Structure formats: structure tokens, C-alpha cells
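Letters A, B, C and D mark the chains as written, and numbering starts fresh at 1 in each.
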Amino acid sequence: MLSKIQIAQRIAQELQNGWYVNLGIGIPTLVANYIPEGMEVEFQSENGILGMGSFPTEENIDADLVNAGKQTITALPGASYFDSATSFAMIRGQHVQLTVLGAMEVSENGDIANWKIPGKMVKGMGGAMDLVASAENIIVAMMHTNKRGESKILTKCSLPLTGVGCVKKIVTNLAVLEVVKGGFKLLERAPDVSVEDIQKATEGNLIIDGVIPEMRF
Amino acid sequence: MNKVVNNVEEACKGIEDGMTIMLGGFGLCGIPENSISELVKKDVKNLTCISNNAGVDDFGLGLLLQKHQIKKMISSYVGENDEFERQMLSGELEVDLIPQGSLAERCRAGGAGIPAFFTPAGYGTEVAEGKEVREFNGKPHILESALTADFAIVKAWKGDTAGNLIYKATARNFNPMMAMAGKITIAEVEELVPAGELDPNEIHTPGIFVQRIFQGETYEKRIEQRTVTN
Amino acid sequence: MLSKIQIAQRIAQELQNGWYVNLGIGIPTLVANYIPEGMEVEFQSENGILGMGSFPTEENIDADLVNAGKQTITALPGASYFDSATSFAMIRGQHVQLTVLGAMEVSENGDIANWKIPGKMVKGMGGAMDLVASAENIIVAMMHTNKRGESKILTKCSLPLTGVGCVKKIVTNLAVLEVVKGGFKLLERAPDVSVEDIQKATEGNLIIDGVIPEMRF
Amino acid sequence: MNKVVNNVEEACKGIEDGMTIMLGGFGLCGIPENSISELVKKDVKNLTCISNNAGVDDFGLGLLLQKHQIKKMISSYVGENDEFERQMLSGELEVDLIPQGSLAERCRAGGAGIPAFFTPAGYGTEVAEGKEVREFNGKPHILESALTADFAIVKAWKGDTAGNLIYKATARNFNPMMAMAGKITIAEVEELVPAGELDPNEIHTPGIFVQRIFQGETYEKRIEQRTVTN
């Protein structure tokens, strides 16, 4: 089983040189720490910055410079600031090559639910609906099952949707899955996790084609 | 063109019970602190507030929520506020949640005379309920309408007497679009300078969108998530 | 009869303090020279400037600073530059209080034709269609009749339209007219021009109500 | 993120016969002079050019018209060009005239993933022919669609290696929206500086919209209407 950090590390392998990337809150944020050596990627935060850097030192904190998680950040050389309409123009206009975000549920046809649990306090979708509806390339980072051990990889989402037919790839603590016609194609297993383990944790249709390799780090 | 008003009281003159107010800012970043305090002081009620977030319990729009001045919030994310949650669950507060990009674009559309536009965001979700769906380039989109407000209140870094505004870093966020979409737009700035001192090439919000401008007395600029590296 | 300069002078009387104004090419441009003493108005040029000043001196010419007529200009203190989308957001969003433009024809219901003559070279509408469709307050500056002596104030436009039902006021070399339900209400006569002269030069329905005063300068 | 190409030839690589090209500029102000010269040199044909104007006879897009490289012009105003007139009247050149504000907004929409929007401009005129009409707030509007291009070519004052652009004065005009709407966007600049030298707060076009950038060799910056006061 992968740790959250390892999920982020595995997703970082999907990065390509020259990509602009939007990372959601939680595990996705960690991806920024594992950019492959020599690769240039630039991070967009939907509140209005391209070229987001690491957290500031205590002396460099600027209340006017935060990311979409409202965390204080820094800007790298070559960064730019812009308004929210321009920010989502980048997202909706598919100028951002990769979006990584968390999910509560993903379904066989690529639907994603990650913003609302009926009966619980609704915090709002923030930029998630724009991101999932627009991105050409969406990777979901999440645990394969919920705290009660129930699969989050489903035939059909039970929670209110954030977007339909948009998820392309899922990296969980157990596996790398690709959303294809007919279900979830198992691409890789986590170290020491068997295909049977993954099958058991997957409620949606799992497509197993040939020998499934173990992830490499 | 002199847009300067003497103080925050004068700036907020005419804001009345039941009005729709847009407020710039993302979280607590770039919010019009002085004007929010004045709204608390004025005790205007039954406001509809359009703002990406709803502040925290004791700062930003949270201050208006504490005093039950807000009837309805139109936002994209409201998750940092216990009083908000209580009022929402009890039904005291109406909440209209809008995807962040659609919120930004709807404000811009309101300011730009575009009454409606198609966006893919929210298709197939409850956001799309009751909205027209149309396919473009093989992809379904929903029709979203413009947002405007009786007053828009924005916060900038620098402003001049002609109402031109420059924002700082990510404190820009929703401020420029909301400045466009207010019937009356109030700008509070950290530094107010004479017309001619700002480079016309560096202005983010041209003065035509601003009706009243003043320099805020103080800015606390509270930080929500203080994150540092060592 | 008014000269072109006098038409501009008469229109300048319509300005109000604090207005943003867009002036079309030709007579409208001249209005900028007759702003009433002590009045503050700011000129918008739709190619991307607010706070347009006079023509530059020879030494101050800047090829990157022109107006919508492609003329070299200057910027006044408090000016701002912006892109074409923002410029027309100002216009379409009714942030510009007054638009003054020329016309080939105006009809009783406020239709305007000023961009195309069938059979002649079409130059294009430029920003005119956006301006007339959006402005709350449009004044047309023009000659009352064309070169062949035919009225340009018509029951119905014969040329392709630029916009429908948008003109509010017309200042010609003969008269000031207001577009009201049922026709053109005669507001003022040019010096030494009689109501009969105006009636003769007006093909559309002219509404004459009471004594018509002479324009004052 | 390094977007720098060595020269104009490299910048224009891949522009082929029959493509749709957007070109920034208003009149001759803010046009990509170096790239236009390169298109002439490359002799690509049957281009569809989206540009507010069509240059003059011997400068700007007029140079491409002279060599019959343009099949179709999509513009708002084309009145300064005899060769244009001749080709248009003879039927050699297709021309699609669009209100200037709709042209700007359609380019922005193309870059922003908004497939269509409603505008009042052109309602009741021949521009509205075949377009959906809908009333909003008692006023009729027409539905306009987004514009995109295989290549967008823009001209900026300063640019950095990451593709960030700053325009000068009214030379900004259509450049920012067209930069957004190109599948591949080429930026030519008067001065190219290393990433980090431009203030992130002053950038007009963020580098994400630009795929290739180079410093133009020379700029004539011809003036169409040289008007002076004494």
C-alpha cells in the first residue's frame, strides 16, 4: 500500500516537460515536491498565480500572496498574477495541461464526486467543477476505499456529482487505474498489493488485461 | 475626474437594507476590510452578498453574519465559518453555490454587457438544474447568466483620484470583475495618489468602473493559513 | 445653418459633469474642443484608452499611442490603457455615458445606418455596431440632408442598418431633434433657419409642439 | 518554462497553406511586423486571417494581400487598402465583417473556453442574419460564437523567456485576446528579458498563453495618421 506521499510521487511520474499543472488541496499539493529532475513544470493556482513557489520564510510572508488553499506562498521567477476570470479562462480554455485533485467517489464512466455529502455541511465546490469540466487531463489522487472500508471506485457515484465523464486516470494507495470504455483498466499495482486485493477493494468493473506490473519509484 | 470621497461612511452612503452587494477577495486575501466594518456599523440588513467566500467567524463577511445582516450568500466556497454553517443548517441563511470560474465569469459578464454565456462547468451536476444545455464541439455546456449588484466593494493596493486601481499579487482575484459589475462601485485602497502618478500601462481596473474611492484607515490583512518553510 | 464646428459646439452643451464619452470620427471628434468651462469629462477611444488628450507635439509622437481614428494622440493624467475586450466591456456594459457619432440615415424609431452603401466599397462597421447597440445615450451629429439635397431624417432607413431603435437625439446643421414615439420632435432651430426649412428637409414625421426656440451658443 | 525560439523563421514553423491565423494590432499599431514579413517570405497561401484591420497597401497585412496569400479576412474595418478593395470587389477575397467589440469578445471567448455568448451588438442588422436572437432584460441580443486559430501572432513591448508579455499604450488592443485564442501563440517583442525581470504584477499576458517568443529584429512602427498640435 502506498502512503499519501507515495501517491503523490507516483502521480509526479505522469508530469511532462513544459506542462502547466493545477494541484488540488490535500495529496495533490504534495505532487509539487516530486517533480522529476530536470523537468520544467509550472504550477497554476486558480486564485490567480502562475509560477507558484514554495512556502515563504517567516520574514517573507505576504498576506497578499496565497494559493487556492489560502496558504501563504512565494512566486518563482517568471511568475504572473491575474484576476479570477483570467485564471478560469486558462482552465476552461484548456491551457492548463494537467489537473490533479482528490475525490470521494469515481465511477466507471469517469464521473467524479468530491464536493458534497447530503446531510453534511456543504462547503461549496470552489473551482472544482470548472476544473473537472474543462481539463483535458485529470488525475484523481485518493484512497481506494473510505474509512469504513467501502470502495470509492464505483459503477456509479452515489454522491452528488462534481463532473461527468471527465476522469482519465486514478492513482490510489492500491493501484493506478485508467478510465476506459467499460470500466477501470488496472495499469499498475502498489508494491506488495495483489490484483485480488485491488479487485476486492473495487466495486466498479475492473478490467484486468495480462500481467499487471508493480509500480516503480 | 475626481472620484474621491472623504471617508468610509461617505463611500458606503446609499447602501440600504435588502440590497445586493458584491465584495472582492478570495478567502481573507484582498477583502475590503474598512467597508465591511462600516457595513457592520451601519447595521444594514437582509443583504444579498456575492463574494467567493464568506469570511471566517470573526473577520471578513463573518462579521456581517454574526449580526445576521446577510439574507443570502452567493459564493463558491464557504467552508471556514461555524456561524455560517449554523445559519445555513437552520435555514436562516440562503446559500447559492456557484462554481468559482462561473462566478468570476458571471461577474465579468455583468460588467461587460454580456447577459449570458455557455460554459462546460457544472454540466451534469445539480448546478445545471433548470439551466439550458447545449452541445458545442461535441461537448455539453450550460447557459449561465450575468451577475450585477447595487454596490460592488473592492479593495486595491494603489488607487488614484480618477478611480484607477492596481492590485497586489493574488489579492487581485475577484476585485477587477466585481468592480465592473457594480451599479455603484466603491474602491478602498491602501494608498491613494493623485491622478497621473500611476502608469496608465499598469492599471488593472480603469477608473471608469469606479464611482467612489478612499484610502482605508488600517489594514489588518489577516492570514488564514500561515504556512512557512524553515 | 450651422457649420460642422457649430454642430460640435451644440453637442458639447449636452455634456454633463463626470461623464465618460466616446466620440466617433468626423464632426463628433470636434466636440472635444468645446467642453464647457469647469466641466470634467473623460474621453474613451475604443481601441483602448481612457483619458485621451490632444494631438502630440512633433517631439512627443508615439506610434504606440493612437485613437480609434488611428491618429497619434496623447494621454492625460489619470489615463489608462486596456485591451479591446475590456474596451468594449466598458461600452457594452454601459459604463460610457454618451456616444456621439455620425450617420448616413436615421429613422423615426431611432434606427441608424452609417456603415454601408450597397454597391460601394464596404469598409466595415468597426466599433459602431457595438456602440449603438449598447449606449444608453446616443447623439447623432450629421448634415440634415445629403449632397443631393435628400433628407437623411427618414420614416425608414433605406441603407443597411447599424442598429435599431437606438438614437435618442440628433444635431444637424438645421436643428436639434429628439427621437420620440411617432417621430422626430423638433427641439431647436439653427439660427436663421425656420421651422418650414426644417420641415422641408425632413422626410420622416416631424413633431412640432409649440414655439421652437433658436439654438443658443 | 523556456518559450524562446531563435528567430522569426523558427517562430513561424508549422504555419501552412490553408490555416487560420489571428494577428494582433489595431490599424498598424501593435502589429507583429517581423512575423508578417516572414509569412510573406514563406509564401504560405490560402490563409484565413483574423485581424481587426487589413493593413495598408504596402504595410501590415497589405503585404500578404499583395501576394494573394489571403483567402479570407475576418475583420471589423478594412478601409485603408486599395488592393484589398480590388480583391474584394473582384471576388478573389472573402471578407467576413464583424463588429469590433464582438470580434474582441469572440477571440477572448475562444481562449477562455466559452463557446458562445449573447451580445446586443448587431441585432437587427445583417450581422444578425442566421443567428439566434434572445431577449434579456427586455433587450434583444444575438448569440455569437468563439473564434480560435491554428496560430495566433501577437506583438508586445516587453516579454520574458517564460512568455510573459507587457504591451505598450494602445498597442495592446487585440493582442491579449488573440494570444489566448491561438492553438499555438507566437509572440514577437521589442525587448526580450530573462524570466524574473518583469514584475509579475504588471504582466498583461501570462506566459501560459504563449508557446513561442522572440525579439523582433527591427520595428518600423509606421504611423497611419500623423496628427500633431503646434
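The definition used in the following text is that a residue touches a chain if its C-beta (ideal position, glycine included) is under 8 Å from a C-beta of that chain, and two chains touch if they have at least 3 such contacts.
Bear in mind the structure is a predicted one, so any value in this text is a computation, not a measurement.
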Touching chain C and also chain D, the following chains: B
For chain C, the least number of touch steps when starting out from chain A: 2
Chain located farthest away, centre of chain B as origin (C-alpha): C
CA centroid of chain B to CA centroid of chain D, Å: 33
Approximate Å spacing (C-alpha centroids) for the pair chain A, chain D: 36
Mean-CA-position distance for chain B and chain A (Å): 28
Contacts with 2+ other chains: residues of chain D: 105, 108, 112-114, 119-120, 167-169, 200-201
Two or more partner chains touched - positions in chain A: 49, 75, 81-82, 85, 88, 91-92, 134
Chain pairs in mutual contact under the definition given at the outset: A-B, A-D, B-C, B-D, C-D
Chain D contact footprint on chain B (complex, rising order): 105, 109, 112-120, 134, 136-137, 141, 145, 166-169, 200-202
Parts of chain B lying in touch with chain C, wherever the complex brings them together: 1-2, 108, 110-114, 160-162, 164, 180, 194-196, 200-201, 203, 206-209
Interface residues, chain C side, partner chain B - complex: 18, 20, 40-42, 44, 49-51, 75, 77-82, 85-86, 88-96, 134
Of chain B, residues touching chain A in the complex: 26-30, 52, 75-80, 85, 88-89, 95, 97, 99-105, 107-108, 119-127, 157, 167-177, 204, 221-230
Contact footprint of chain B on chain A as seen in their complex: 45-49, 54-58, 61-67, 69-73, 75, 81-85, 87-88, 91-92, 111, 121-130, 133-134, 160-165
